[in-house]
Structure formats: structure tokens, C-alpha cells
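Here chain A shows up in two complexes: once beside chain B, once beside chain C.
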Partner chain A sequence: MFYPQLHISPGMPGQDWLVLAMVMVLGVLAALLSLILYFLLRRRRAERLRIRWADIYGRIIQRTIFHEDAGERDAMPVPVVVARSLGRPQLRQLMIAQLIGAKRAISGTAATNLVQLYRQLALDRDSLHKLASPKWHLQAQGIQELATMEQRDYLTRLYRLTNAQNEVVRREAQGAIVQLYGFDGLRFLDVIDTPLSEWQQIQLLRLLQHAIGTPEENIFRWLRSPNVTVRIFTLRLIAEQHLQQMIPHVTECLLDLSGPVRLQAIRSLGELAATDSVRSLTSAYQAEGLAGRLAILQTLGSIGVQGDLEFLDLQLSATDNRIKLEAARALARSGEEGLQRLDRYPQTNHSPWKEIFQQAKSEWVL
Partner chain B sequence: MRTIWFISDGITYGFWLYSIALLSSYLFVGIFAILEMRQYMRLRSFTDYSLLASSPYVPGISILAPAYNEAASIVENVRSLLSIHYRNLELIVINDGSKDDSLQRLIGHYQLVRTDHFTEAAIPAKPIRGIYRSRNPVFHKLIVVDKENGGKADALNVGINVSSKPYIVCIDVDCIIEQDALLKMARPFLDSGDERVIASGGVVRIANGCEIRNGRLVKVHLPESFLPRAQTLEYFRAFLLGRMAWSRLNALLLISGAFGAFDKEIVVACGGYNHATVGEDMELVVRMRRYMEERRLPYKVTYIPDPLCWTEAPASYKILGRQRNRWTRGTIETLSMHRKMCFNPRYGRLGLLSFPYWLFFELFAPIVEFLGLAASVVIYLFGGLNLVSFLTLLGFILSFGILFSVLAILMEVLTFNQYKDSRDILRLVLTALLEPFLFHPFIVWSAIRGNIDLLRKKKGWGEMSRQGFTANKAKVYAKS
Partner chain C sequence: MKILVAEDEPILIRTIEMRLKRDGHDVHLAEDGQQALDCLEAGPPDLIITDIMMPYASGLEIIAAVRARPWPKVPVIILSAMGQEDVVLEAFKLGADDYITKPFSPNELSVRVRRLLTH
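Let's turn to the complex of A and B:
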């Protein structure tokens, strides 16, 4: 912080102006100090309230989780004092947050019970209220709450938001549909013209982790989407879901016009341990840039190239040392014959091959 | 006589214009910081960072931690860094030719063995003496590089050469990093859209006074002694206001050397850290931005205001003076190396706004302040000073400074609110009142000393003694 000191000459603004400016600054200062005090007090009160009720709500949630009487499912036992406490907005939000936290951690009947409690306490109305808010962050929060609590009744409203102008709201709504309908919720991939960020792809893949019934026809179509990020996401999805039957289609993507798509196709083949694709990978090698070549060598190393060690041998003479290293790694990982090839290589005792081979071998040992 | 009055008025009006511009810049910083912080907190309110913890698609990150004579705490610090939650991670500790037994302690504790490791010298640096990895699979993320002494920039360059991941996070090995720090730092790189995120800065907070157990921050307290407390306030202003505002404009010029993430491809393309400056952290960011601007490539430098990194602040005037002296020299060197950018429309906001701000309001401010004060004393001695007006103006400037500090405290209370004890906040307010008299003049004087030392061509970091979180004294980067 800088505090300039000035020489005051008769030509400068009058002293009265300075005094007025100082009074104004002091006034704002006093206001800020009051705000600090106000927020500290408010926060302390909110914290006390939270500590007092979080424990009580926790116990209710615990009881709800273990509630087994099917006949009573429509009415989870909630003490009157707790029901009354939910008249206060901050306590309703506390209850929602605790329910969401618990719901994310469990599944099955216990999770159904929590959803029931959420509806019984009319907390879905709070989430809907957020959905109707003009503030994007509240909308996004409302979407997350409804999706986590499996509120399929509000599908139309959620679906409408998959075209929201705000990117975050749109993304959360798309995620919510996937969370509620699994692979069927990915329909938006047919029409999406904006890029799917890496973050959103990771989010969607996690939501689909336990989804069942892979829509192969759709996957086939998404691999031909004009949206590059949709093609990349689909390749990841295939790998994540271990869809071995899609390997031929993934292999076709090695000829895609987009570099990032080809790179993902190479990686997905590695994750699928697609041994039948070795020939395609080695054929695609020459047309690739450095990143693609390195990815191919890594993939060959991970899936094993018993029948094509000659190809790796050739790469040991590449000008780029990173290529040499990856080829040596792949050879070392392929087993005894690969290691012998490293030993038999003409320059095996010369730099940089010597160091590269030693590293490849030592990594294998460690 | 007329000429003297003309010069006098010229100087006076010059000071006035400068002051008005400076105060306006603080207003701009305050407003932009509030807007950006609001946006960030809203996004954070429903973001589930644990999403990244288990994903195989998170980008690989290499943590680079240079260490010099850190034997007293190195084992504990590495343990803390190894406990960071991140799936695709390697931790590279670079022993920069320590004269103590740092390396032996690491070898002993982490069961390290020397390995054959091919290193492509993508960035020229001092020779590597050996690379070590652990026999114990528990520590498989750890790589220890032993190299000849070459300073922090050189150690980081070696780390970049050894690293195998696409992103690097450069940290000071003695910092305490929050366990979810990398999950939060990775987010901007995953959410970049059309603009490539080339770097992301993190907040550095003061750990003096905090409870630290087994290399982890257990409870946050305000430092007991005045000097670290004043620095806590200063860091609030810098990180919660200054950097937040510049981040909104995508015009950040500085990412703290203690904690920052970078796109390795761009770092290597730019030639890595520069040995020729003691402000290598700022210089790298400026060079990376310049690289992108000159190639007309869309890019962003982002900033995460969450308290993710905690460091020990100098607790004595002697050490603080050395630190600030070095910061001043680093800033001058960086701005001088890239002076071509100043007021150059080719560099957009960077050349027209950010660079001139650093030049006029970060670099020149202590000089103007020092000269202004000296001139006021001389004019007073010659009877030319209207003392009442002078004191009124001084009062205004001081109250504006305090206002800015209090705004930073309010931002902390409204956002991360790390100091749960209300008395800590009140003590911070009291510090804001005392700081202009007990702290700020020393900072100005250290900056002046930095200018003088640079004119004398003094290089190097100067010895930086620290108490250490484990109460052991450590000396870091004690070159020259």
C-alpha cells in the first residue's frame, strides 16, 4: 500500500475539499467496520444454530436410513420440534445439505427412504424455488439438489434448462438428466453444438459409472458427431464401460481428421487392451505427430505387442529421444524377448541409448 | 523566482496527478476484486471437487519442490506433500546441492535407491548428480533429484526436465499444501474452453501461529507477533484484492513462486525459469504471456483464491528487509527485461494496463513516496509548507490506506473466514490501524534499498533464516 506525501501549495485544491474527502473515507471505513462486526455476529449465530441442529438432523437422517417398516414409508417419523424448526429457511437449507450429503454416499432402500423424507418435508419446493431464481448459481444448486434426490417429476423443467444461456446452468441440467436417466439422458449429445469441457466429461463419466444398458446405436452415431468433444467423450465412454464390441469403431477413429480425437482413440484402445488393433496402431503411426506417436508407443507398451517387436525396434533409431524412450519402455514391458532386443541393439552401449535402456529396464524392475 | 515557482508547482501537480491515478487504481482493484470473488464463490458453492479425486482422466501433474539446506524439516515436508489427494501425480524434490544432510535423510527415510533415469535437457541447467526412487511402493510417486547448486530457478528447470506429466506445480518445499489443493488447481485447466490455460496461481497464506501437526495444518490462528500479523494483512490485500482484480481482466503478471501451476509445454517453449533474475516467478509468467501474445494464441492465466498453501513469513525486520529487497530487484529486472511490452498495443491489456500498473504503481510507488516525504521535510525546513494542509492530506491518504486494508479483512470474513475467533479479526483491524506507522515505512525503505542494491549490481537472494514449523531453524537459498 502506498501513502504519498505531498507538498501543499496555494494552487492546490482547498483544504475544505480534503477534509470533506477524508470525512467521506472515514464514513466508508466506519461502514465497513460495522459490516465486519455484523457479519461476524451473524456468522457466530448461524454457526451456533448449525451446531445445535446439525446433530439433531443427523440423527433423523440416520433413523430414516435404517427405517424398515414398508407400511410407514409414506410417513417417515419426524419429531414435531424438528418439523417446526424447518420453518426457518437457513435450517431448511441445512437439512437439504445433510440429506444430499447422505444420499450421495448410499444407495438402495436407504437412499429411497432419504428421498421420501426430502419429499415429505417439502424440501423439493425449496429446490424448485431455486430453479426459478434469476441467479445462475441458485439455479445450478437447485438442479443438483433435484437430481441427487431423484426428482423425476420435474424432468420437463430440468430438460428446458439443458438449453439455458448460462453455461454452468446448462451443464448442470445436462448432468442432472444423465443422473436421472443414465445413458438415455445423453440424448443432448445429438444436438449439442458447444464444446463439452474436460470437467463436464469427467462429471458425466462418473454419473454413468453404474448406469446399465449401453445404447450402442447412439454411441455409433456420437462417434460421427460433428462436435469434436462429443467424439472424444464417446471414446472415453467406450473405454470406461469396457465396451469391447466397439473396438472396430474405435479403431476407425484412428483415421479421424481431428488430432485430439485420434489421440483419444489410441488411448481408449490401450484401456480396452485391444490386442487386435496392434496392426492398425502401427499403420497409423507414420501419419501421426509427436503426441500421437508417443501415445501409440505407450498403448503398445500397455497392451503388449508380442508379434510386432520389429516395429518397436525400428523406433529406437528415431531422432527424438522421447520416442526412443517410449519404444524402449514398450520393449521392456513386452517381456524377455523385448529385453533381449534392447541388449542386442547396436548402439546399446552408446549415449543416449545406454541411459534410455537403463531407465526402461529399471522402471520395469521397480 | 518565477522559475522556482514553476518547478515547484510542476512537481506538486505531478504528485497530485500521480496520487489521484494511484487512488483510482485502488478503487478499480477493490471493485473488480469484489465482482470476481462473488463469481468465484458462487461457482464454488456447488462444485464437487471430489469428482476429480477418483477420475482417470485428470491431467497429470508433477509437483516440483526445490530444496536447499532443508535437512531439519525435509522428511516431514515431503511426507506432507505425499499426502496430497490427486490420482495422477509425481512429486519431484530437487536437492539443489545442499551442504547439509538433506539427501541422506531422504534416502534413509523413504528407502531411496539411485536409479538410471534418462533426462532430456529440454531446458539448459546444472548437471544432475543422481536420481533416486523409493523401493517402497507406498512412495512410488516420489522422485528425488540430486544436482549441483545453481539456485532456485536452476533447480526448477532441472525439475521440469525430469518431470513426465503435462502440468507442473512449483512450490516451496517448506510450504504446507492443503490436501485438496491440486483438485482445485486442476479445475481451470479442465474448464478452459477455447482459451488455453497456461498458468494458474494459488493463494499463499501466513502459517505463523497456526497449529501444524505431521506436516498438516490443524488449526488456523493469527500470528502472535506484529510483523507476521502485518504480513497476513498485506497478503489479504495482495491475494484477495489485487490478484483477484487482475485475474478478472486476464491480466495477472505474477504467480507466487511458493505455489503456482503451469502448462509444461508452454514453459519449455519459453525456455523455463530465468537464472538472470531473482524474480524468476514473475519473469516466467510475463515471458509465457508474451510468448502467447506474440503468436496471437488465445490463452488465460487463472487464479484460485482458496487458501491452499501456507508459508512461514519472516518474523524479524532483518529477514523481511532482505525478502522485500529481493522482491524489488526481481520486479525491476523483470520489467526491464520486458520493457518492450510497456504501452505497446500489440500486447493488449497486458501492455496497456497491467505492465504500466506494475511500473508506475508497484515499482515507482515506494520511490515517489520516499521522495515526497523527503521533499516535504526539506520544504518544511525552508518554511514553504502549509502544515495544516499537509497534515490533512496525510490524514486523508492514511485513512484511505486503512480503508483498503479493512476492505480486504471484510473480503476474508465474507469468503473463506479462516480465522474463526472473532478476536483475531478485531486484532487484524487493529493491525490495519498500526501498520501504516510500524510496518509500511520499513517496506518502503526495503524497496529503496532494493533499488540501490540493483544499481550496485548486487545479485542473489540473501540468507533467509526461518523458524520452521517443527521449531528447527532452517536456512533456505543462502546464495551470495
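Let's turn to the complex of A and C:
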């Protein structure tokens, strides 16, 4: 076997280079280690400082929460050292974060005190400053802060962002406006040209659950919005708020050019238990595709179709078994006469009708 | 009265502590579920206030642990967030006595504590 051998004689110039290279590498390593150590120590010091100030701010916030209980109604007492600490942006952000956390958990006069402290320390300016940031996550954060701290004075700034290009910013701004102004906040529906996502619609409806007032006067406009998702959201809102007087307008939407809008109109009529709309629903049936037809049959089943069982009877002979099942369900739910119709159906003892009818009847019994 | 408060939000737990101490109670704090379970080893408190979502053990586990002990009934108040209705129902099934939804007023909590302790 041949093993190559490395011959380095003491007098070779290569040795100096090797030593020099090793010294340089060691030097770079030492410098790197020193830098890492420096940054670690700096980070540790910053963390210790953050914990210390978080504790101090926590105490200030607690005192603020019980401020009124002690019979004091003037400005919140903030020690000079704390006021001075708030000259540092990181510590201002820490105070904002603590106040936001407390405000989300506390209500009543204690919450009012927290808002007062936020304004007293001019922290609203920091939140506003974030709105002007080019970074979307800072904008979203600023919006959340202003909404949580109930800063209604900044309506114009927030309102502008309801149609922002960034989806998260837009969503936060729309949520904030509704949180602060209830139904009046929905004015942004007049102008938005971007779609309202499913998730956003659910969020807005949730925020409006306990809102005072009614959106009625604007609904006509929103039902004619060129934005399809605004029309869908409005139909959902009508159902969610049980606006029975809007049923004729929802019924008109059965003729909307957009399929998803028609589908939502059908569902909303079901949620509103709009018995007067049975004729309109059955008239719209033929023009609908499978999803629309299934939705109409489900709606008819949920609102009851005492006078139009013949229509359901006809659907039992449809080629699609899903249609048969929904028609059978609607008949079963309509009561005794509907059940008799299922029994009298010519193919009642043949597959698949036999299984479908059994399923529909068993659900009705439940 | 000895009250055990289990809540992982630092400002909130201190606020509850301050409110209850003002009412003259002896307040024991647990900043996570495990600490609350450990506190129970020392004996029964007169009342428990617990958050539902906490690290290491949930409020539901704390209720179950309390009810599994051969103690006279210890009233439990649940602190829940909006939209946790299902969990609150589960807590009642396990034996919770009352619940309060965040955000809540410390004064309201004080009244509920008083009501449960005088029953």
C-alpha cells in the first residue's frame, strides 16, 4: 500500500504562513466570541430591565384600577421616575402592552381608569404613530391598541384603513370601527372594493351581537352594493339580527345575478323562517343549480311548506339522490300529511327511496 | 376566608388579589394549573377562583381534582373568555358554582365571592 507523506522541513516559508493563518483564525474566533458575549450580556440586561419595569408598571396599573375606589377622581398618580422611564420607546411599548392586557380582562370603572391612564401618558400617540408605519403588522397593532382603549377620537384615521390594501390591516380596521361604533361603524360597507372574507364576516357578526341600534336604513343600499361579498354579508346580517321586516328584500335577492348571493338569500330566508317566501323559493328552484336546489329544499324543510307539498313530491323523482333526500326530509318535517305522502309514494318500497325515506323519517322522529 | 386564585395573567391575578385582600380575605395565588393543584395538597380553601385556559393544568382539571377529594363542598368560580360557552357548561357539569366572563369588573367579582361564601 502506498501512503502519501507530508514533509514540512523547519526552514520552509510555508510554515510562517501556517502560523500566521492560525493566529488570524484564533483572533477572529476570539473577536466573535467577545461579540456574542457582549450581545448576550446586553440582552440579559435588557430582559432584566424589562422584567423590573414590567413589575413597576403592573403596580401602577393595579393602583389605577382601584383609583376610583379610593375616592380619587383626578389624574392618575404616576411617580416621576415612571414618567421619566416612558421617554424610552421600548418601555412605552411595554406599558402599552400591559395596559392592553389589563383592559381586555377588566371592565367597568376600572377599565375607564385604564383608558384615562393611557391618554394621560399620551400613549395614544404611539398607537397613532404605528398607523403611519409602512409595516403592516405595526399598523394592525396600532389599530388593535386604539380599539381596545376605546379611542373614538381617531375615527377618521381608522376609517381610512378599512379599505387598505393589506388584508390584515383592513380586517383589523373594520373590526375596530364596528367594535367602537356598532352598526354605525358598518358605513365602510359603502366604500370597500375588496372582498369581505368568510372569516371577516363571521368576526363582524360576532362583534355586532350585542350592538345597540339597527342597521335597517342602510341595508337597502348594501343589498345593491356592486361588491358581492357586501351583499352576502348584508343577507347574513339580516338573518342574524332577525330583521323580519326585511324578508321582501331578501326574497328579491333570489333573482340576484350572483350565485353565492342567491344561495345566501335562500339560507337567510330559512333562518328568518319566512313562510311567505315559499312561493318565491319554489319559483326560483328551476333556475338554480344543484347547490341552490339543495339549499331551497333545506330551507323549505326548515320553514315548513304546508300548502306546497306537491312541489316536494315532484322532487322525489329527481335523478340526484341528494335532491330526493332533501325533498323527503322537507316532507317528513312538514308533518303528518308529508309523512303520508312518503308512504303513498309509488316507489316507497324500492331502493333508493326506501332507504332515503327511512333516513328522513328517523331524523324527523329525533 | 382562604381563597385560592388560579390565573396566568400577571396583572389580572394581582388585581384579583388586591380586591379580595381589601375585602379581608386570605388570598393564595397560583400562576398556572400545576401550582393550583399543588396548593390543594395543603388542604381545602374556602373558595376557588380559576381561569379555564392555563399552562400545565386547565381550570376544568382543577375542578375535577377538588371534587374528587373528600372535602366539604368548596365553591368554585370560573373565569372564562368570551366565546367559551361550551367549556363553561363543561365546568358546571364538573361542579363549578359560578362563572364570570372576561372582561369583568373586580367589584362584581367581589360581590359574587361574598354571595358564594355566605351561602
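Just so it is clear, the second predicted complex is superposed on the first by the 231 of 366 C-alpha atoms of A that agree within 3 Å, B and C clash if a C-alpha of one lies under 4 Å from a C-alpha of the other, contacts with A are read in each partner's own complex, and residues count from 1 in each chain.
Here, a residue touches a chain if its C-beta (ideal position, glycine included) is under 8 Å from a C-beta of that chain, and two chains touch if they have at least 3 such contacts.
Remember, it's a predicted structure, so these values are computed and weren't measured experimentally.
Of the two partner chains placed by superposition, A:A176 touches none, neither chain B nor chain C. Shared-chain residue A:Q201: touches chain B; no touch with chain C. Between chain B and chain C, the partner in contact with more residues of chain A is B.
Look at A:T109: by the touch rule set out above, it reaches chain C but stays clear of chain B.
By the touch criterion defined above, A:V261 lies against neither chain B nor chain C after alignment on the C-alpha atoms of chain A.
Once chain A of one complex is fitted onto chain A of the other, the partner contacts of A:Q98 are limited to chain C, with no touch recorded for chain B. By the touch criterion stated above, A:I61 is placed in contact with chain C alone, chain B being left untouched.
In the overlay built on the shared chain, the residue A:W136 is in contact with chain B alone; chain C does not reach it. Once the two complexes are overlaid on the shared chain, A:L294 sits clear of chain B and of chain C alike.
Chain A residues in contact with chain B (one complex) as well as with chain C (other complex) are 206. The touching residues of chain B, when paired with chain A in their complex, are 8-9, 11-13, 15-16, 18-19, 22, 42-43, 45-46, 51-52, 54-55, 57-59, 115-118, 120, 133, 135, 140, 187, 189-194, 234, 237, 361, 365-366, 368-369, 372-373, 375-376, 379, 384-386, 388-390, 392-407, 409-410, 413-414, 417, 422, 425, 429, 436, 440.
Those residues of chain A that touch chain C in the complex are listed here as 54, 58, 61-62, 65-66, 69, 98, 101-111, 206. Chain contact summary for the complex, chain A toward chain B: residues 1-12, 15, 18-19, 21-22, 25-26, 28-29, 32-33, 35-36, 39-40, 43-44, 135-137, 140-141, 144, 168, 172, 195, 197-199, 201-203, 205-206, 236, 321-322, 325, 352, 355-356, 358-359, 361-362, 366. Residues of chain C touching chain A in their complex: 9-12, 14-15, 18-19, 22, 83, 102-108.
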